[in-house]
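Below, each structure is written out as structure tokens.
Next come two complexes, and both contain subunit A; in the first it sits with subunit B, in the second with subunit C.
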Partner chain A sequence: MIKGRDKIRAVVIGGSAGSFPLMGKIFASLPANFRHPIIVAPHRLKHVRHGFVEALRLKSALEIIEPIDKQKIEAGKIYIAPANYHMSAEPDVYLSLTTEDMRLSSRPSIDITLSSVGELYKENTLGILLTGANKDGAYGMKVINDQGGITIVQDPSTCMVDTMPKSAMEITQIDYVMSVDEIIKVLLSINR
Partner chain B sequence: MELDKTVPVTESDLGKVVAKVRRNFGFEFGDYAISSFKRRVERYLGLKGMQDVNDLCLALRSRDVFDEFLKEITVNTTELFRDPGMWGVLREKILPKLFNKNDRVSIWHAACSSGEETMSMAITLKELGFLDRADIVATDINEDMVQQAQSGLYMAWRMRGYEKNYIESGASGDLSKHYDMVGAKVQFDINLIKNVQYKTFDLVLDTQFKKFDLVLIRNVLIYFNMDLQEKVLSGINNALNPKGYLVLGAQESINWHKANDNLMAINNQFKVYKKMRD
Partner chain C sequence: MYKFDLKYSDLNTFAEELKYKCRIDIKSFTEGAAKRIIGGFMDTHKVSGVYDLINWINANPRNKDEFMKAIIPNKTEFFRDPDLWRFLEAELPKIVKSQGSIKVLDLGASSGQEIYSFSIMVNNLKLNKQVELIAAEKFQIKINQMLEGTYSEKEFESCENNYSRFKVGKSFDEFVSRQGGAFKLKEEFITPIQTKQYDLVNDRAFGEFDIVLCRNVMCYISLKKARPVYKSLSDFTKKNGYLILGVQEDLSNSFFNRDFNCVNEEFKVYQKVR
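Up next, the complex of A and B:
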């Protein structure tokens, strides 16, 4: 499967609006005893606060949380960045939210979440970047790679829009290029 | 903000900046939430063309540089009628309750930034017929923001989003009645805020002696660590009249802060709390 899977302690996922059905598929495939936290930064519209998370909840055996500022990161839970906030992982293993400027036209920013999780969990990070229409996430994947974590992008040929994974592949050495089904297998394999 | 155009710093770099500022100016950045403070420092270094934190530490011998640094570290994102649902709750529930019970109602915008929330409040009060009975204080740590807030001038291109917020909040008036176009900007009716008392105020160092019936402090505590959040919240709590209301940002909470158990959540979605006792 993938090399170094035993060291993984946290999963972080980025993707734009087109990746929502894929995220739904991924979360629906994970068992209730999944043992790592999953931290998710989706590109989402400011005015659409609800609906997306409720839809994910219907399908997943895991608890799906839009965190409150300074919420603890716990194993086996899925944390989704709330609309109109950036979400970062902090040194004491909690999530903080901020309203800094949009980055690459987005708040939440995928780069901010990915890079902060990479800096917190270092080589124990698994970073996953799905389909998306801009280069947000590329910098975050680079940070994860620089910290010794494992990086996977969705195979551009299976993407609705491939700019996001391609941009990451341009600026850093991505470890694996995979279809969503293969990504799900990896996630199941790190749950042992 | 382009993360890749900033100058990366490490946690030990940040420690140097925190120590320098503490020693020279007695200001404590050690209580700020680390990841956003780090990004703001990285952004500042990029903005100023500085190579690394050593450049910054050298510059931070001057009070003027520190004042300017502090302004750049502070985040000033705001909108008119941000979180429209919260404005709906204020308009329909909280404000009528307060104004029906009291002759005068005191309101504190505890981090007013460029004034959008205070303006939203003034418009709401005006439309409810309460404005003349409101005593509003609007404060911010940043002098420039306090100045800007008093101008009532906003960028015209942002008005479409603001109109949308306004309508979504359930307001039935016409937002455009309150402003005129002036080139690329809009000028809001300055009479709306003529009785607002604007001043600089540091939530960490200054003590508010006046009491208020309603305090709004939205998306400010998120920049502090939990210890400082607790300290600032206690100060705010002391500045609230019994039966007064506190409004936080939509994703903020007093849940982690036991010292504030006299505050009862009356709206969980929009983080509206009521002070039950002193």
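Up next, the complex of A and C:
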């Protein structure tokens, strides 16, 4: 399926315009015994704090959490960056939520989450970037790649808006370009 | 994102050097935020390495001031989380009525957005004489910035957006005067604020308060340094007084959790019960 799948210890996913139903589909496809943490940075509306996570929880067998600052990262849980906070993985294996300026008009910033997870888990990171309408996430994918992790972008031809995966492909060597169904197969394969 | 990308390993070296050579201590900062803020600063100022940055900071006092302003994160916005402010506006008159007069403390006040939001709300409620407002901040340079009360046009847009959600259909414009591309808060909201230089990580509590605001401050303090700070939060809060954290913060990492009841889970409002 993918080379180096046995080394994966953490999954990080970013996405913007059109990615919400895809995230729902991905999470609904994962078994309750999924053994890695999944850390997710979606672009979210600043003032809408409720509804997003609740909707994702409806179909997932995994626990989906909107973390509190300094929450420990645990295997088998899905962490969604809250509205109006940047979320980064810290060296002591917890998530910090901060209020610095928006990056590329976004808080949460996908770059911040992806790059911090890449730095924490290094070659054990699987970074996934889905459909989206700006360049956020491209830098984060570059960090994951530089750290020796595995990178996958959604096939631009299947994206609602292809700017995000294409931007990542422009600034770094992306390992795999896949449809969402193929991405789900990869996630299932790293759980073996 | 950055041409210069500060790594965690660089950050540790930099923090040591910064403390030794510039007398600036950033070791209490959350590593991720410190790395991003300093990396961004180096990028903006085209400084290519941590030793070059130390030299740049020490080159003249203006550089040091500029660096200090940059590394202390703002709380970002006036009236952040408009629903919380609606809740406070409903509760504050009841608290004042039961206490007669109250003291409010904003910890880690940075450039003042939170305490000034409180000042505007108190003014709207005509409770100025009953509510004393104190802003505590570690860095004098930030206190000076706070007392100046001048903010960027970009910041005004987020204020306007938040305030119109807090007070539906109302504009933030009535509280400010325009100064070129910036806006200045009217003096009537600045003058009631007492300021105090205070280091949340290293200093002891300097009094007890009816309401303690410490919103989105703990998130910038590393887990290792956070534990004693929770003691100060408890010490600062009067019995039956209120402690208000950021909406994504809580007391779960704190031994002092047992001293508080959470009276509003959504807005992280705690009442001290013992």
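Descriptive notes on the structure:
We adopt the following convention: the second predicted complex is superposed on the first by the 191 of 192 C-alpha atoms of A that agree within 3 Å, B and C clash if a C-alpha of one lies under 4 Å from a C-alpha of the other, contacts with A are read in each partner's own complex, and residues count from 1 in each chain.
We take it that a contact is a pair of C-beta atoms (placed from the backbone, for glycine too) under 8 Å apart; a residue touches a chain by one contact, two chains touch by 3 or more.
Note that the structure is predicted; figures quoted are calculated from it, not measured.
Following the overlay on subunit A, a clash is recorded for the pair subunit B and subunit C. Of the two partner chains placed by superposition, A:176 touches none, neither subunit B nor subunit C. Looking at the shared chain after the overlay, A:100 reaches both subunit B and subunit C. After overlaying the two complexes on the shared chain, residue contacts for A:115 are found with subunit B and with subunit C alike. Touched by subunit B in one complex and by subunit C in the other are residues 47, 49, 66-70, 82, 85, 88-91, 96-101, 103, 111-112, 115-116, 119, 139 of subunit A.
Contact residues on subunit C toward subunit A in their complex (touch as defined above): 1-2, 5, 7-8, 30-33, 36-37, 73-76, 80-82, 165, 216, 218-220, 222-224, 226, 246-250, 252-253. Subunit A contributes residues 47, 49, 66-70, 82, 84-85, 88-92, 94, 96-101, 103, 111-112, 115-116, 119, 139, 143 to its touches with subunit C in the complex.
Interface residues of subunit B, counted against subunit A in their complex, comprise 1-4, 11, 33-36, 39-40, 75, 77, 164, 168, 219, 221-223, 226, 229, 249-253, 255-256.
Residues 47, 49, 66-70, 82, 85-86, 88-91, 96-101, 103-104, 111-112, 115-116, 119, 139 of subunit A are the ones touching subunit B in the complex.
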